[in-house]
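What follows is a pair of complexes built around chain A, which joins chain B in one and chain C in the other.
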Partner chain A sequence: MSGKQRIAASAVYLLLVALAFAFLVPVAMMLSGSFKPDDQVLVQAGRLSRLFAAEFSWFNYRDVFARVPFARYLFNSAFISLCVVAGGLLVNSLAAYAFARLHWPGRDRLLLLVVALMIIPLEAIAVPLFYEVTLLGWRDTYWVQIIPFVANAFSIYLFYTFFLGLPRELEEAARIDGAGPWRIFFRIVAPNAKPVFATVAILSFLTQWSALLWPLMVTHSETVRPLPLGMATFYSLPPLQWGDIFAFGVMMVTPVLLIFVLFQRWFVQGVATTGVKG
Partner chain B sequence: MAGVELKSISKCFENGTQALKDFGAVIEDGELVVLVGASGCGKSTLLRLLAGLENVSEGEILIDGRNVNRDTPQQRNVAMVFQNYALYPHMTVRDNIAFPLRMSRIPKQRITTRVGEIADILQLSELMERRPAQLSGGQRQRVAMGRALVRDPSVFLLDEPLSNLDASLRAQIRAEISRIQKRLGTTTLYVTHDQTEAMTLGDRVVVLDYGELQQIGTPEELYQHPQNSFVARFIGSPGMNILPCELIDSGDGEVILHLGGQQISLLLEGRVYQELVPYFGQKLYTGIRPEALSCAPTHGSFALNTKVEAVEFLGYETLLYLSFPGVAQLRLEQPIIARLSGQHYKRNGDMAVFYVEPDALYFFDQAGRNILSAGNSGPAPVVGVLS
Partner chain C sequence: MKNTQLAWLFVLPALSGLLCFVLFPFVLSLILSFTNLRLGSPLPLEFVGFKQYQRIFTDAAFLAALRNNSLFALIVVPLQTGLALLMALLVNQPLRGMVIFRSVFFMPVVFPLSLVAVVWILVLAPGPQGLLNQLLETVTLGAWQARDFLHDSAWALAAISLTSIWQGVGFQMVILLAALQGIPQALYEAARVDGANQWQQFVFITLPQLRNAIIFVVLVTTILAFRLFDQVQIMTQGGPNHATTTIMYEAVNSAFGSQQVARAAAMTVVFFIVVLLLTLLQRAVGRQQGVN
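Moving on to the complex of A and B:
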């Protein structure tokens, strides 16, 4: 490596470290604040030297559980997110496979419609969707937070592009070996599409885990309330205690981080293969 | 095992491409037939039709006398080796080979025994727990064959199985395929674009061009008696030289061959003479195999004056690219190639005389058909050269 290259590489690394620092500081602040007494949280928030608490305490965490049914929110979010992810992986992958490999009338036009649907945000259809679920009598249930989000145009498109890239001969070989369409999908296609399954799982889990608008519109009881809505309610619950809010935040973010770490390898591979921005 | 009959098979794809036109052939039980032709000639399509991966537009496919047009690939009991092997990347060698048996719901004990037998035949026993990514090209090829052979198929289909291998491995695996096919006696269709593979492997060879059957026969028949100029050019390495010529009748069985600005008198055998009579005075093509051009005169041979355009020394032989002096290269449509054993010290631009035995000549009409009837469609039995 020449001198110029070394300087350029050092500059890039320096920039990356600065960026990482900028992104990590708020997380570190939240984590540190969650262990501090409430009166010290805001006072020390701007000082890096005081990042680590002088006194370490679980008090804020205990407080969250005492003030709101956090475990219930956590269960609700986990249940809803996992149902959407599991259902979504099945439904969207099968739909994408039908688009990528099967021949049926109107396939290309419907695919175009699916692609067009990707640009419509939830906010645009939230009110009509609200009327629809009200008509169905689904409000304030788990299902109202699950069923409308299982089929997802973006997920279908991700699966579709990945399946197009799989060698067709694998499926043809399986057909000759005696496998039917379902077996081909579950025994040959799906095991070779782990990266895209991981990508879709993580992306839809993240979307669902942080969903606020829709639960706010369709739920009112605590029994079906997910974490983000629980946190929004918690904000407005007097007295305002920042330590508690930080503790709530830490507990809300931890499962997402764990899932990302677990599936990181496949996720990165999937993002690279499908050309999705992470 | 079973024989295969293809009756007037046509295949037209949705986009209008006609891949096969009225193709017919009978493949005997236990025979190894090689389908050969240039890329896009329809040979792989034919294999896919036979496998049941595509449906025929017209015609009938019979396996063991039974029409299988509407059968699924599994019902046809055919096995196929793909060009890229199509091994399941997430499975071990053992699971890859066992997959067809599992799909047929065969008891586990029998699967284990059968997979073991195939592994022994193909010398794969040491590799059973590896995944395809951990295998070399040759090993992958053997696994693909194992997966195809494991359920004792009626017909074994191989789609250019050696095209991804290097030259030395290709020769080795080719011999292995031949050995295994002879040992198991499975009816086999083998697709390749390499005429050397076709000639060395096939009991019979099918030559295809633009979806049409050109000729079917043993390698010797194809080499000695090509039915048309396409087969003559395709079979042989290099293929036959096809040169424009004209035959002028001189009477009493004697004809003058106008070739490359030269006039050669030939005394034809009566039977051959009679067959050529309708073509006297017409523009024809004569065929000369590169190996039929010799530097040394032999009894009865005639001389051809040529100019050396290029020399390719291959070690055990030399290829000379020639033209006729004073005749534009374009009029010849392709260079004349002479294949001489050993090394020859000719240079580009040198004049060279080559000698050809008259019975090494073939004659094709304007449409490329071999003029001489089936019995005579070999080298024309010319009696001698007059001048």
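Moving on to the complex of A and C:
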């Protein structure tokens, strides 16, 4: 490296470290605060030196479980997200395969409908959907948080564009060997489409795991409420104890962070594909 | 026609879901917005024409919501896109440790907004507890007067913007990074042969090549700005004095606070029209490029 290059590299690192600092400090504050005794959490909480204070206690974690049904929230969130992801992977990929590979009357018009539905965000239909599920008597259940979100136009579109790009030869060969469309889909197409399955799984998981608006509208019992809503209610539950809130936050985000660390490449790739297709 | 039956079998589960839970409620919202529907109301259901729209467009809170969403978009879109581009350019440098920085910048994307909102209430707190006030005080050598950002109508929306950028910028960075890595190296080599410096390469190669990705990022961020809800619900409840209320916050309040489903439906129709216009605008801008 020449001297000039070295200076440029140092400038880049300096900027990167400053930015990383901005992203890490609020997280560090949460983590360190979750281990402080209640009377210590807010003492000079704005000072960086306090992030490394010596106090240590598990009490906040114990308090979370004593004050709210955290384990229940966690189970609800995991159950709802997994059902939406698993169901969504199945029905949306099947539909996309019919659009991409099978020939049937009405196909192109329906595909156009799916693409048009992509631009309707949940927020635009939340109110009538709320009215609809009220009439159906679905409020305050798991179903109401799962069924409406399994079918997803954007997921179909992501699967569709991926399937179009797959070489046809493998499927042709299987067909000559006498395999039917179901067999071809599950044995040939799906195993060759792992990246798009991962992308769709991650995007829909993140959406469901973080959902606040819809659960807030349709649930009122602790037994079916997911974590984000648990967080919102916990925050407004007196007495306001930041140590407990941080402990809740740490436990809420740890599972996702673990998944993120393990499957990081897929996360980044998944998000990147949404842009390429745009 | 075995093939047709089979295709319908493949499509039916997803299609029926989309029809029941996207298309039907969408059509329903258009219809409801022209009625007087109010849950639990003794009045008979009737069509009232544009009355709900007339009402919301003369309602101070809803007008404030429209203004806030627009203002929020005007703050967040340029800042977040610019920052995402800067971060993508930095992380794309052929230096060691870039994967770590990329992960750190992307990490908040996997944090639910409800959690981020709660944590940032403390970051933005006044006095010695608030990180941001402390930081500004240190940087200005004590000249900064600590503020209660979230309870100050001049600052509350900016504070929510900052929170949102912190959580979301990594998403945009990753999209722009992918686009950056898709630019053919040959273009840069040719430019270097022609004697172009770093800045010229950025302006004449990088930016034009990133055009579509940037348009996409701007569109997605703008639509997200109009969907703003979680942060407001948790951090300010629309206050102080409507300074941070949003279309969705008003819609949810109308539907629940006062059971006015028709009024809330009219608000979400307005929201959808905004999203539709933005999408059409993006298509138009994107197409122009094909002509060039």
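Keep in mind that, in the parts below, the second predicted complex is superposed on the first by the 244 of 278 C-alpha atoms of A that agree within 3 Å, B and C clash if a C-alpha of one lies under 4 Å from a C-alpha of the other, contacts with A are read in each partner's own complex, and residues count from 1 in each chain.
Everything that follows uses one rule, which is that a contact is a pair of C-beta atoms (placed from the backbone, for glycine too) under 8 Å apart; a residue touches a chain by one contact, two chains touch by 3 or more.
Keep in mind the model is a prediction, meaning the values are calculated, not measured.
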Exercise for review: Give one of first, second, both or neither to describe whether A:23 is in contact with chain B, with chain C, with both, or with none.
Suggested key: second
Exercise for review: Could you tell me if A:139 is touching chain B, chain C, both of them or neither one (first, second, both, neither)?
Suggested key: neither
Practice item. Could you tell me if A:212 is touching chain B, chain C, both of them or neither one (first, second, both, neither)? Key: second
Check your understanding: Can A:42 be said to touch chain B (first), chain C (second), both, or neither?
Key -> second
Practice item. Identify the partner contact of A:176: answer first if only chain B is touched, second if only chain C is, both if each is, neither if none is. Key: first
Check your understanding: On chain A, which partner touches more residues: chain B or chain C?
Key -> C
Practice item. Considering only the touch criterion stated at the top, classify A:188 as touching first (chain B), second (chain C), both, or neither. Key: first
Review point. Regarding the shared-chain residue A:67, is it in contact with chain B (first), chain C (second), both, or neither?
Key: neither
Review point. For chain A, which residues count as touching chain B in their complex?
Key: 167, 169-170, 172-179, 183, 188, 191-192
Revision key, fill the gap. Given the complex, residues on chain B that touch chain A span 51-53, 72-74, 78-80, 82-84, 86, 88-90, 99-100, 103-104, 147
Check your understanding: Which bits of chain A are touching chain C when the two form their complex?
Key -> 9, 12-13, 15-16, 19-20, 22-27, 29-30, 42, 44-47, 90-92, 94-95, 97-99, 102-105, 107, 110, 113-114, 117, 119-121, 123-132, 134, 147-153, 156, 181, 206, 209-210, 212-213, 216-217, 227-229, 231-232, 235, 242, 245-246, 249, 252-253, 256-257, 259-261, 264, 267-268, 271-276, 278
Revision key, fill the gap. As the complex stands, chain C meets chain A at residues 3-4, 6-8, 10-11, 13-18, 20-26, 28-29, 32, 37, 39, 86-87, 90-91, 93, 95, 101-115, 118-123, 125, 127-135, 166, 171, 174-179, 182, 212-213, 216-217, 219-220, 223, 227, 229-230, 233-234, 248, 251-252, 255-256, 261, 264-265, 267-269, 271-272, 275-276, 279
